[in-house]
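Take a look at the structures listed below.
The following pair of complexes shares a single chain, subunit A, combined with subunit B in the former and subunit C in the latter.
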Partner chain A sequence: MASLPPRRWAALALLGVAALLPLVVRDAFVLDSLILILMWGALSAAWNVAGGYAGQVSLGHAAFFGIGAYSAALMTARFHQSPWLGLLLGVVLSIAAGGVIGYLSNRLRGPYFALSTIAFSQVLLIVASRWRGFTAGSEGIPVPFRPGLWTLGLGHVAWVYVALVVALVYYGVQVWLETSRIGYQLAGVREDEDAAEALGIASRRLKIRAVTLSAAMTAVGGTFWAQYVGFVDPFYVFSIDLSIRFALNTIIGGMGTALGPFLGSILITSLETYLRATFSGLKTGFAGIYLVIYGTALILVVRFAPEGLTGVAGRLGAWRARADA
Partner chain B sequence: MDPARRLGRAQIDVFAQLGVSTVLLGGIYALIAVGLTLIFGIMRVVNFAHGEFLMLGMYTAFWAYSLWSLDPYFVLFISIPLFFGLGVLTYVLVMRGVIHASHNVQIFTTVGLSIALQNVALVVWTGDFRTLRPWHASVVIRVFGTAFNLSQVVAFVIAVALTLALFAFMKWTHTGRVMRATAQDHDAATLMGIDTDRVYRLTFAIGIACVGAAGVLVSPLYAVYPTAGLQFVLLAYVVVVLGGLGDMVGAMLGSLIVAAVEVLGSYVFGVAWKEVFYFVLFIAVLVFRPAGLFGQRGAETLGV
Partner chain C sequence: MLTLERVTKRFGGLTAVRNVSLDVRRGDLLGIIGPNGAGKTTLFNVIAGYYRPDGGRVVFDGRDVGGRPPHVICRLGLTRTFQLVKPFGNLSVVDNVMIGALTRLRRVSAARLEAERVVETCGLAPHANARARALPIGLRKRLEVARALATRPRLLLLDEVMAGLTPSELTGIIELIRLLHADGLTLIVIEHVMAAMMRLAQRIVVLHHGEAIAEGTPAEVARDRRVIDAYLGDEFVLAQA
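Right, the complex of A and B next:
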């Protein structure tokens, strides 16, 4: 255990705090913020698998989120089945969709790939918002609340632990991607695909797998989010804003690092909650002020600290170590 | 007239109307897309904030009309230098630092710019839908059984004139040649003594001036709100990819194709589904001919 790098200790400490918090604090607002931080962190970690580790920057991950959210919402509201079956369906559908996007990632690079993912999520948005007979169209679907774990009708404290388990598993997947053979191969493909190919790495298959894994993880997150929030609105779950949120958390925290998405989520989700609470009484439009800050922060971070918070922390650590020596 | 012939006549009218609508719409899309494709072609940057400049153009027209009752066509003369200046400012403050950075940095810089501008508009002007109705928006012209309003026609004529002017500028002026040289080979252009930073600044400013003008032109036809740019810019991406990123003639043809898909799609399947068609077309083009319908093969895998 002593050989664990400081990052892992930081992650364990953060998750420990999250696990203990519900035992001490019972305030619904604090618990809600904690759940959202964990959920957005986990979803950003899912994006990170494709965007950070495989280098396939998607601006359409809301597509998978929406697939997960709709699968569970339709399963419960329309077919009166357990949301867990919806989760399963969401994973199956998103694997199929992820396969398509993964295939595209082999044909398109850089901005072309980002554009194709936007188009993909927009197609799903249009289908979900116009297919009134099945998805209830733009009105959205209220998710019925039935108490119990099988129906995912849980209280705040239970949701903290559900979100925590998801966050832990996703953190684990990322650590695996950093330390396993496949993870190193993926890093090779990300840094120089031609060189990786020359070394005998099956780069195409690897990219498809990474994007598909990321898609499935995002769909699971979407299912839990829909069950927690209790309402699925097509213009939110398939929105470009949502896709950007996953990317934003990860970039601010540090792309291609296991801790990054969670750090970004802590910073951005709490900033959002705070500013929303502060400005909500003033003027309707003022709620947008945190997005102005996001946008500006994004420009500044990619320009001056493209490796994100974890990278900055790493640099500071190295600087201090040098100063000590 | 016997019923069959009357039906035939009605059919011809419908097709004439669809054709005219396509051309009118296509002209405006071309002006939006041409700025995007110019910036891409020369700077190799996809400007994800393009739609937000369109939205700012629409707001400029809206406020000039409601505060000082200035007609959008008059505002156009002010907006072009104004947005040119805005383009220069954005280039110097935001784009200059990332012009040689990786794709991801460029994508997220312009995405960040888009989020910031959209929400500045939301904070300052709220999310209300606003419309402006100058007199020409309610003048209907009827020719050969087709009907369209005056604003549409004027917007089309000005958009086409501006697009052609830009095209001529790129083709026949010295500056245009310098810009094309920079697009072809940045390093060689630098060796020939071209100040590429100036070229990029000019390119970005022209691109923004075009989309700002487009915003002013469409303001009498569409509602103005902070995310108004999104629907147009998604369309502009489709146009630009169809025509081949960086290809100006391609962008004009692409605009007509997208407008035709939109007009026919809404006629046959209803307005609600029209967007599906151009996104499906978009994905199909990306998969089968990613360099555009008329472009060279291979551009997309180089990630240019």
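Right, the complex of A and C next:
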């Protein structure tokens, strides 16, 4: 495939680096950072399917993440089953929930849709934190560690490769959305729904499908995250912070591009882990400083690169091509 | 091919289209004219499925399509353009047209070939890779037509594709419409530019306050007393004479 565009090569190179890193680095902190970068990148890619490709900006994707996390945690801790069954259950539940959100996307536009997704995730937060008998309420659920692939009790190196596979698959889904019939039709719906309808595209059904796919992908990510971290706290997995993280990574990296969510995750996640490690030992006054840096990064991107990092890379590429010519 | 039977559309107390009946046969090039607010675009919106008619029937190829969603009507072979053009602004011209082509073609590669062909036909080839939003209005009107054509309609509804064009752009688009018609396409053309319509249409329906007040050849319509009073004015008659 000599005709592969530069951005695909960049993606393959990044994934290659991620694949080779565990062979040379054994440091747990580095591997942990790498796993988180891949996971948050994949989860942002899942968000991108709805927010970027379908143009349905959700600020409640933590709902699907939490569904996936809880499905796995309850399946393992309460029913002593494999987390893979939890993953399956999470997918089924999130498809149902995604159908609801997708339906809302046909009723509500822009900010009203975004607000309704926040409300949706908050409802799930209340359910998870109050239903003590089943979810253990606000205490959260420790996920039992049982070594093995079937039980997803893995070491750091194995987790790198699990996260890598998820990231690769999600990247592939996005590439498919850029090059397939459905992907082009979805782009039409995103750009102008009335025009898309006039051209024979069943826009409502297509939007619901995209949001549902995005929801299922997010739930799968939630399952893996819960198994990796080993603890599910309702106030974290259903939090608005988390929903914003998915959106923010993608906006900073480049909405509606396959590489964008991963670039955003590399920047934001590594910045965050670095700052946390650096400032956690200091007085509590510094505890929130990474939020300040988040905000600054977002402002800089919106001001200087409204199309995200991939947009900047594209412009540099075009500029270099002109300079060469 | 298309028959409207006493179609009516109301918005609250306002009747935008009242009891309009008309008949379009295969190979026709029908013009619809009328002053602003006469109900021309509303009529298109009813035919193409954007509004549900409050009365009457819209029959396309023997099927009552009144109230069916737009994408279904398009797949049946009836495609419309928008007066206020709606390009997919961030996509290239050829991608815009390709999205239309994908309605009939399942393979992206085949749709791209088709789109390139349609872009060529519509005189957009030099701009094929430009972003749609970067096009000037004259070319955006052409893009509307190209995108609709790519869905391979049997009946094409053009909503004021000539409005706001320079005289040379106007001539170009009239040539394009004539070419499409000569190729066997059936068209309904809404137009405000009366002179252009006189050159183009075989038959004209005049709408006024939502009602069809006259129908006939351009010459017949231009002589019709009600049309002159309602729309053309005496100056037009003098200018024609």
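Brief remarks on what is shown
The working rule: the second predicted complex is superposed on the first by the 321 of 325 C-alpha atoms of A that agree within 3 Å, B and C clash if a C-alpha of one lies under 4 Å from a C-alpha of the other, contacts with A are read in each partner's own complex, and residues count from 1 in each chain.
One rule holds in what follows: contacts are C-beta pairs under 8 Å (C-beta built on N, C-alpha and C of every residue); 3 or more make two chains touch, one makes a residue touch a chain.
Being a predicted model, the structure only gives us computed values, none of them experimental.
Steric overlap between subunit B and subunit C is absent once the structures are superposed on subunit A; the two fit side by side.
Look at A:W84: by the touch rule set out above, it reaches neither subunit B nor subunit C.
Using the contact criterion defined above for the overlaid structures, shared-chain residue A:T179 touches subunit C, although it does not reach subunit B. Of the two partner chains, subunit C is the only one that A:E197 touches; subunit B does not reach it.
For the combined arrangement built by superposing the two complexes, subunit A sits at the apex of an angle of 80 degrees to subunit B and subunit C, based on C-alpha centres and given in steps of 10.
Legend: residue contacts after superposition of the two complexes on their common chain; A:P306 is shown touching subunit B, with no touch to subunit C. Contacts of A:G188 after superposition: subunit C is touched, whereas subunit B is not reached. Annotation for subunit A, partner touching more residues between subunit B and subunit C: B. With both structures placed on the common chain, the touch criterion links A:Y236 to neither subunit B nor subunit C.
No C-alpha atom of subunit B lies closer than 13 Å to any C-alpha atom of subunit C in the overlay. Of all residues in subunit C, only 48-50, 69-71, 74-75, 79-82, 86-91, 95, 98-100, 102-103, 106-108, 111, 147-148, 150-151 touch subunit A in the complex they form.
Across the complex, subunit A meets subunit B through its residues 55, 57, 59, 104, 107-112, 114-116, 118-120, 122-123, 126-127, 130, 240-241, 244, 247, 251, 255, 283-286, 288-289, 291-292, 294-299, 302-303, 306.
If you check the complex, the residues on subunit B that touch subunit A are 46, 94, 97-98, 101, 103-109, 111-120, 122-127, 226, 230, 234, 237-238, 241, 245, 272-273, 275-276, 279-280, 282-283, 286-287, 290, 300-303. Those residues of subunit A that touch subunit C in the complex are listed here as 179-181, 184-185, 187-188, 191-192, 194-203.
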